[in-house]
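Before I ask anything, let me first share the structure, which is written out below as C-alpha cells.
When the chains are written out, they are named A, B, C and D in that same order, and each has its own residue count from 1.
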Amino acid sequence: MTLESFFAMGGYAFYVWTSYGITFAVLLWNLFAPIVLRKQLLRQLALKQKRGQR
Amino acid sequence: MSFIPAPLSRFFHRTASPPHFYALADKLVPWLTVLFLLLLIPGLYGGLVAAPADYQQGDSYRIIYIHVPAAWMSLFIYVLMAVMGGIALVWRMKLAEVMLISSAPIGAGFTFVALVTGSLWGKPMWGTWWVWDARLTSELILLFLYLGVTSLYGAIEDKRSAARAVSILALVGVVNIPIIHYSVEWWNTLHQGPTVSKMDKPSIHISMLIPLLLMAGAFKLYYAIAVLQSAKLELIKREPSAQWVKSLLENKA
Amino acid sequence: MSLIQAFFAIVRRDLLLAFRRRAEMANPLFFFVLVVTLFPLAVGAQPNLLQAMAPGVIWVSALLAALLSLDGLFRSDFDDGSLEQLLLSPHPLSVLVLGKIFAHWLVTGLPLLLVAPLLALFLGLPGQAMPTLWVTLILATPLLSLIGAIGVALTVGLRRGGMILSLLVLPLYVPVLIFASGAVDRAASGLPVSAQINILLAMLLLALVLTPLPTAAALKMSVN
Amino acid sequence: MEHLQPAMLEVADLYCRRDDRSLFSGLSFGLRPGQVLLLEGSNGSGKTTLLRILCGFREADGGEIYWSGRPAAESSYFADMAYVGHADGTKKELTVLENLRFALALSQPGQYGIDQALQKVQLSGYDDNPVQSLSAGQKRRLSLARLLITRNILWILDEPFTSLDKQGMELIETLMDDHAKNGGMVILTSHHDLTFPHLSLQRIHLDSCL
C-alpha cells in the first residue's frame, strides 16, 4: 500500500478525511476549551487576590 | 445514605470534596492520556490502514471507526448523566452535579460527530447528504436533548437550582430515550419499507472489528480525560473564593 | 381535608379560573385552526396531497397548540404566590399537580377533540380514519399535557422560558407524534391500528404514574 | 415559668451562601410557644432567604431545623406552619370567599370559620367581591385571613406591613398578639418597628451573623 493510495481512500478521500478531520476538531475543542478557560479564570482570580491584598 | 457502610460513605465524601477531587484529577489525567494513546494509535492504524476495504462500500466504510463509537458514546454519556443526576438528587452530592454538567458538552460533541460522519458516509452510499434513517433521526433527537440540558443550565441563574433542574431533565430524558428510539425505528419501517441500510448491519470481519473496539475504548478514555478537565473548571467556577482555590493560587504563584 | 377533596378543589378552582379568563383560553384553539389552514395555502390545494398529509398536519398543529397553551399551566400560580401555597400544603405535591394538569387538559385538550374532526374533513381525511383520529386525540392530548408539564415546571421561573420550553418538550413529544399520526395514517389506508392505540394507551398510563413526580420536583426547584 | 418550656422550633448552626458569598452562618435560635421573632437586617442581608429556608422552599448550605425536638422533615413541621410572602397567594379573578375556601381545601380547618376570620381582618361584606377589586391593603388582610382559617402553630410572615395604613398595621399586630397568646409563634421581617406592649419579642439582627 502506497502513501498515495492511503490518502486517496479508494476515491472516497473527501468523505473519509472530512469525517476524521471534523471529529478530531470537535474532540480537541471539547478537551482544550475548558483547559484554556480554567487558566484564564485562575489568572483573573490571582489578579483579584493581589488587588485585594493591597 | 444509611444503607451504605460508614467507611465507604466516608471514602466517597472525602473523594468527592472539591480539593481532593481536583488533586485526584491532576494525578489521573497523565495515566489516562497514555492509555488513550495506546488505544487510539493502533485503532487508527488498524482502521485506516490494516483493515481491508469493504467489498461493497470500498474505503468509504472506514468512517465506521468514528461514526459508530461516537454514536455509542453519545448514548453512553447521556445515560451516565442521568445516573449522575439521580445521585445528585438523592444524595445531594455536588460532585455529581459538576460531573453531570461537565459531561453535557462532550456528549453533545459526540452526537454532533455521529450526525456529521453519518451524513458524510451516507452521501456516497445513498447519494444524498441526509436520509431520514432511523439511527440518524434518533441521533438528531438526542442532540436536541443535549442542547436542552445545556441551555436549561445556562438559563437558570442560581447554579444550585440549575443543577437540580438539569438532573431532573436528564432523568426524564433517559426514560424517554428507549421510547424515542423504538418509535423512530417503527416510523422508519413504516415510511421507508424494510430496506436494511448498510449502516445498521455491517457484515463485520474480525480484522474490521478489532479496530472498532479499540476506537470505542479510546473514545471512552477521551471522555474521561475531557470530563475531568471540564469538571476542574466547573469546580473553580462554583466557588472561586473557597479556601482550596486560594491555596491553589498560592501554589502556582 | 382529604387528598381527593384537595384534588377536586384544585380542578374546580382551575376550571373556574379558566371560565373567568375564557377569552385567553380560546387562543390555543384558534392557533390550532389557523396553523391547519396555513398548510393548504402553502403546499397547494390538490386533494390527493392534502389527504396524504392530513394526519401529519393535524397532529403537528395539535402539538404546537398544546405547546403554546402549556405556558399558562403554572405561570399565574408562580406569579401570584399560589404555587408557594400549594407547596406548603400537607398533601403530596405530585397529586395536586396532577389535578392542575387534568384541569388544564379539560380546558385546552378537550376542545381540540371537537375541532380536529372538522379540520380533518376540510383536509379530506377519509371517513374511516375519523374514529381513529378521535381515539388518538383522546389518548395523546393528555400525554402532551403530562409530558409538557415537566418542561413548564422546569422553566416557569425563567423570564424568557418559551424558547427553552419548546427545546425541552418537543423532543419528548416525538414518540407521541409518531404513534398518533402513524395510527391515523394507517387507518386512512384501511390498515389495523390496534398496536399503535395500545402503545399510546400504555404510554398514557405510564405518564400518569411517572410524570407528576419530576414535575413536582421541578416546581420545588423553580420556587427556590 | 416561661423559660422552663422547651423551645418548639430550634434552628441550629444554619449556614447559607449565595453566589459564593456567605449570607449568614452559625445562625442558631429557639422559639417557644407564645413568642414572636422579628428578623432585622439591611437589604440583602438574607432575611427573605432565611424565611424561605424555614418554609422549606430553599435548602440551607448547612445546619438543621428542629420542630419539637425532631428534624423538621421528619416532624409535623410543614403541617404546623403557614406562610405569607411578598406575593399574596390569592387569585385575582376569584372572589374573597372562593379564595378562602380553596385555601381551606388544601389544609386542615383552623381556629376560626371563614365568616369569623373575615370579621377579624375587617373584610366582612366583601365575600363575593373578586379579589382584583380590592385595594392593596385589603388583599394583604385577605392573605392574613388565610392564617386564621387554617390550622397552624407557626406563622412565617415576610414584610406583612407593606401597603398597610396605620390601622391595618395595628390590626395585624393584634392578630399576632392573639395568635401568640393562644400558644402560637410568629417569625416575621419588617421595616417598621413593632409596638407590642406585652409580648416576648425576640430580635435577630442578620448583619451580625456572618
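Everything below uses one rule, namely that contacts are C-beta pairs under 8 Å (C-beta built on N, C-alpha and C of every residue); 3 or more make two chains touch, one makes a residue touch a chain.
Quick caveat: nothing in here was measured; it's all calculated off a predicted structure.
Any chain touching subunit A that also touches subunit D appears here: B. Looking at C-D and B-D side by side, the one with more C-beta contacts is C-D.
Chain centres here are C-alpha means, and the one lying farthest from subunit A is D.
Averaged C-alpha coordinates give centres for subunit C and subunit D that are 38 Å from one another.
The centroid of the Cα atoms in subunit B and the matching centroid in subunit D are 47 Å apart. If you average the CA atoms of subunit B and of subunit C, the two centres end up 32 Å from each other. Annotation: 43 Å between the Cα-based centres of subunit A and subunit C. Within subunit C, contacts with two or more other chains are made by residues 224.
Of all residues in subunit D, those that touch two or more other chains are 59.
Taken together, the chains touch in the following pairs: A-B, B-C, B-D, C-D. Of all the residues in subunit D, the ones that touch subunit C in their complex are 52, 55-59, 78-79, 81-83, 85-94, 98, 101-109, 146.
Chain contact summary for the complex, subunit B toward subunit C: residues 89, 141, 144-145, 147-148, 151-152, 155-156, 158, 160-161, 164-165, 168-169, 171-173, 175-176, 179-180, 182-184, 186-187, 190. Subunit D makes touch with subunit B in their complex at residues 18, 20-21, 59. Residues 1, 5-6, 9-10, 13, 16-17, 20-21, 76, 79-82, 84-91, 96, 220, 223-224 of subunit C are the ones touching subunit D in the complex.
The touching residues of subunit B, counted against subunit A in their complex, run 48-49, 53, 58-60, 62-63, 66-67, 70, 102, 105-106, 109, 112-113, 116-117, 120-121, 123-124, 222, 225-226, 229-230, 232-233, 236-237, 240, 245-246, 248-249, 252-253.
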